[in-house]
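Each of the next two complexes has chain A plus one other chain: chain B in the first, chain C in the second.
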Partner chain A sequence: MSLRALDRRSWVFLGLLFIIVVAVPLANLATAPGSWAHLPSFAVSLFGKYLCYALLAVALDLVWGYCGILSLGHGAFFALGGYAMGMHLMREIGPRGVYGDPVLPDFMVFLNWDHLPWFWHGFDMFWFALAMTMIVPGVLAFVFGWLAFRSRVTGVYLSIITQALTYALMLAFFRNEMGFGGNNGLTDFKDVLGFDLQSDATRAGLFVLSGLALALGFILCRVIVTSKAGKVLVAVRDAESRTRFLGYRVESYKLFVFTVSAMLAGLAGALYTPQVGIINPSEFSPANSIEIVIMVALGGRGTLVGAALGAIVVGAANTLLTGWFPDFWLFVLGGLFVAVTLFMPRGILGVFDRGGPVRPGAPAGLALRRKEA
Partner chain B sequence: MTRLHRLIILAVLCLGITSTASTAAVADEISLREIAAGFVDANFSGVSETAQALAETGDPAAAVILQALREGRLHWMKSDEALLIADRDGREMRLFDLFSEEPAGTARRRDLSKVTVNNAIRNQVDGLIGGLTLLSPDPEARRSAVTAVFERRDPAFLETLDQAIEQEEDARLRALMEEARAAILLADDGAPLEARLAAVATIEARGGQDALSTLAAALSEDAPPALVDAAAEARAAVEARLKMWGYAQNVWQGLSLGSVLLLAAIGLAITFGVMGVINMAHGELVMLGAYTTFFVQEIIRTSAPGLFEWSLLIALPLAFLVSGGVGVLIERGVVRWLYGRPLETLLATWGISLILQQTVRTIFGPNNREVGNPDWMSGAMHLGELTITYNRLWIIVFALAVFALLLLVLRHTPIGLQMRAVTQNRAMAADMGVRTGWVDAMTFGLGAGVAGLAGVALSQIDNVSPNLGQSYIVDSFMVVVFGGAGNLWGALAGAFTLGIANKFLEPVAGAVLAKILVLVFIILFIQKRPRGLFAVRGRAVEA
Partner chain C sequence: MSPGPAPRATSALLYLDGVSKSFDGFRAINGLSFIVEPGELHAVIGPNGAGKTTMMDIVTGKTKPDEGTVLWDGRVDLAQIDEAGSARLGIGRKFQKPTVFETHSVEDNLLLALNADRGVFATLFATLSAAQATRIDDLLALVRLEDRRHTLAGGLSHGQKQWLEIGMLLAQDPKLLLVDEPAAGMTDDETMRTAQLLRDIAGDHAVVVVEHDMAFVQALDCCVTVLHQGTVLADGSLAHVSAVPAVIDVYLGR
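Right, the complex of A and B next:
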């Protein structure tokens, strides 16, 4: 089934991803520092970060590109996953913290707390934390989606309340009383499952894992969108009322795909935290979430491959431009939003597709416009 | 000091004869000198006792000595132990007479010794001076004196206070004095019970935080039980009243926050509500208005400082034009190509907001900019226990004025009519000869211009920085979503409901949690009424 789900473009994407996942760690570990082929260690973590964003973008494309749900709060699911993993990493520091408390993380000692809050229990076990990175965003998305879709909040209204959701979470996580490190978030991690997070081998390992997660997440999304349910999702996107009148439970389809997407976003966040070394409330900021949207839009919504491509392009542009011209990046990003929506509604991949037959997976601009007008 | 003696002094004061020429005053001066001699070579408790004794003379001249003591200017000559007021002047000390305050030559520093005081004495002296200036001809001095007496509750002032009450002409000051008298009686175990019970009633009538603390602290341990009970009851009554004022303060702050939200959201209510266009750059248009105010004030500061009081009124039309102009550019350049595609509009305008932010950051720098308040915007007035700051008051008035003006424009002008026509049925309006493109641009420009007006107002209460707009965008969308798009009244109701709800939750839950609760409430509210409080009904909605 999964083989049938993958078209030629998917295979090209997976092949390229495989090459990157093999080549980047090799260029870092198997070459001597100073050689022309050597890739510095920070670059491995940086590329790993792009792969996490790519997975997040693929997850967003699943709901936006195929189901028409423009979530401006996907950064919240990502950050929740990141926090769940960060909580495990904090617990794993153990007595090596600045204050040397065997159980309490440093910031709790600093706040004079004498015991662990209830929601921190269990995070000393890796499997539990890993499960939570997907369960917490999944449950939040399920509850939120159930409320929103049931009362038929759609379109821009949905976008705005998803934005309010991530904004509210950001404010909440900024509070010290929440028990997630407040402003500073969680940081100062030492190791994961006994592997030193600073070592090159661990970084390479995390990079490979990110690549693997992206590949699996991509395949999962492909399976969903090429299944029969996937056809219904596209139908919901293009004509929601009509699909409902045909007898489909639109809410259930939306809820399913929204929850799956949030869980993938949580997984991406879980891989992001150890590679970046910090997770703090600014990950919840509405601007972050909307940046993910532009990644998807740039690559081409409703293509999945495009989302991953867009994430990597935007991420790389961000790194390079903020390095070269710090003042220039927001102009570029802002210009990108305008240019993509005005001139490239189908994104980079859409440009390649021009003239070709319109496939069911890609959003047909005309059909969209007619429906929403 | 005998009672008779004090009466004489008061009599003298009443006659207004305070000059040293009077024989009574001379006699007085001699006795004051005798008392003040206690300062010479005294330890702290000696200084304290002497100050108390001086104050009990009730003589305004004593106030001068005490003031000098308070300021550390009181010295004595080592040679003849004469007290003097001395100011340091280079290596020498300039001397002044203790009573006439006339220059009395100079002296070397080592010939003088200073009467030293500690903080306890300074506090004591502050209260004593308060008691002495009760009879001052200056009403402001009397007011601060009576406040000090109220707080100290020193029975020594009772007679001066009675005297002051008798001759006080200002009714409000006299009431304050009565209250101070009541506070003294309350604390004085020697006073008759009826007088003290009456005092409790007087202080209860005064109300406020200081009445509460007086009622709590003034009674000594061996006060009669009847009095203790009465004081407890009075405290309960005062607390209940304070609570009511607390609610009133919450409502006021809620109205104030609501007016800010209304200003930020009302332009959005036009672009989002009337046109159905999501303008994520709305916050940045507000920011442009604030920066216009800053710019206007800068120009006024450098070239016409006299106009500063008018700077806001000058900034208003300019801000409207700047933000409105940028709005029209956005509409013509970007938004019009995206009609019917709300999600794309959202993204494109978000991009524009980033560009505007960065432009302002590049031109004006990333830091907060100082925007001054004109005199009529600063200060506050008191209404019972309420503190009403003028800038907040003016912003409420301004928000309502803008709201009324917009209603008028939409309802009663040709352009308003065309706007509504295009909103309701674009094709039909076009057939009737309305230039829909032009109307779109004007509507968007109007919404943007109103954002600029909001920016002028917000510059008075918030930091003017490139991030100004971002901090309002989520809130103002919430207002429009809550109130219901497509209806200005919805924005009004939404803004004030959210503002007041926020301020009532704040004391219970804390500022951040209150905000979160309000957001959660809106998310839940949308479940019940997906189209807001004032939903537009009809076919257009489902299109």
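Right, the complex of A and C next:
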């Protein structure tokens, strides 16, 4: 089933991804510092971060590009996954923290807490934390989606409440009483599964895992969108009410992809945290979620490959521009969105398709929601 | 009359009695009674605002009636059912504007409409069976779109979209087809071919057609119900209702 789901473009994408996943760690580990081919260690983590964003963008494209659900709060699922992994990394510090408490993370000692809050239990086990990186976003998406889709909240109204969701979570996570480190978040990680997070080998390992997660997430999304269920999703996107009259329970389909998408976003967040070394409430900021939407729009909505491409382009542009002209990044990002909407409504991949036949299932344009009969 | 699972209350396929529905004080439907027998071809005419669309909305579960009885197959209370539920019961609805899935091929449009498990996990692992492939071929032949099989539905002409949508309704093998102004915007030739198509379909399926075009209704050659201000003004053959003075006043006359 999964082989049939991959078209030529998918294989090209997976092939390129494979080359990157092999080449980047090699250029870091197998070359001497100072040699022309040497890639500095920080770059490996940086590229790994882009791969996490790419997985996040692919997850968003699944719901937005194929089902028309414009989530402006996908950063929340990403951040929750990141926090779940961060909690494990905090527990793994053990007695090596500044205050040397064998159980309590530093920020809890600092707040004079004498025991671990109940929701921190179990996170000392890696498998439990890893499961939670997907279960927590999945459950949140399921409950949120169940309420929203059943009430037939669609279009911009849904986008606004997803934005409110991530904003509310940001405010909540800023509070020290929440037990997630307040505005400092979780940081100062030492190692994961015994591997030193500062070592080049661990960084390379995390990079490879990010590439693998992106590949698997991509294949999962391809399997979904090329199945009959995927055709139903596109039908929902283009004519929701018509789909209902065909006998499909539209809310079940939306709930399914929204939950799957949130779980993939959570996994992306889980890989992100150890590579950047910190997770804090700013990851919940609405601007982050909007940036993901721009990534998908830039690459080409409803293509999956485009979403990953857009994430890498926007991520790289972010890194370079915030380095060169820190004050201008948001203007560039906003300008990019306007330019894409006006001149490349089908994104970077749409430019390649120009002149050719419209690909079945490809969205007609960037309109948030098409008029229904 | 309470609709229970017990013996059928009526032999009619669709039974509306004393149905009313108001929107912000405007009575779109007012004590409407209307019956469709299995396999019957039935035309509904009436001026704009006569309540034709609201009637269809009530039958398909999109709108809940304020009062009255809406019975399906003598057993099921349609007031308790949503759109997907009505489709699953065997009520197919064709909208006035052709609403096909424009970014899907003609073939995929029919595939989505075919009778099959509509659940998420069923469709996720669904494969096309030989019987389904044959059914799609038959439907393409019936609605004369064999050579457009792989065309995106968005690229079809207006008339072809209407036929595709009728094909999609037939794919669900409905007991009742509700067809809203199929001839609107069609050429004369397409109109006559559409009337012929609907007459071919009737018998196996009950068909209710809402229409303005008198030539088309004439070509359907069936029982006609005239609606006005949410109630039935007259019914019978087109010749019969055309002679009723009240009908001439509100609709046919000028």
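In the analysis below, the second predicted complex is superposed on the first by the 363 of 373 C-alpha atoms of A that agree within 3 Å, B and C clash if a C-alpha of one lies under 4 Å from a C-alpha of the other, contacts with A are read in each partner's own complex, and residues count from 1 in each chain.
Please note the rule applied: a contact is a pair of C-beta atoms (placed from the backbone, for glycine too) under 8 Å apart; a residue touches a chain by one contact, two chains touch by 3 or more.
None of the values given here were measured: they were computed from a predicted structure.
When the shared chain is aligned, chain B comes close enough to touch A:L70, but chain C does not. In the superposed model, A:I294 lies in contact with chain B only, and not with chain C.
Once chain A of one complex is fitted onto chain A of the other, the partner contacts of A:A168 are limited to chain B, with no touch recorded for chain C. In the superposition on chain A, A:V351 makes contact with neither chain B nor chain C. Counted by residues of chain A touched, the larger count belongs to B, out of chain B and chain C. Contact with neither chain B nor chain C is seen for A:L26 once the two complexes are overlaid on the shared chain. Across the two superposed structures, the residue set of chain A contacted by chain B and also by chain C is 372-373. Chain contact summary for the complex, chain A toward chain B: residues 70, 144, 147-148, 150-153, 155-157, 159-161, 163-165, 167-168, 171-172, 174-175, 286-287, 290, 293-294, 297, 327, 330-331, 333-338, 340-342, 345, 368-369, 372-373. Residues 60, 82-84, 87-88, 92-93, 95-97, 99-105, 108, 111-113, 118-120, 123-126, 152, 154, 168, 172 of chain C are the ones that touch chain A when the two sit in their complex. The part of chain A that touches chain C in the complex is made up of residues 1, 224, 227-229, 231-232, 234-235, 238-239, 241-250, 252-253, 256, 358, 360-364, 372-373.
Within the complex formed with chain A, the chain B residues making contact are 278, 334, 337-348, 350-355, 357-359, 361-362, 470, 474, 477-478, 481, 512-513, 515-516, 519-520, 522-524, 526-528, 530.
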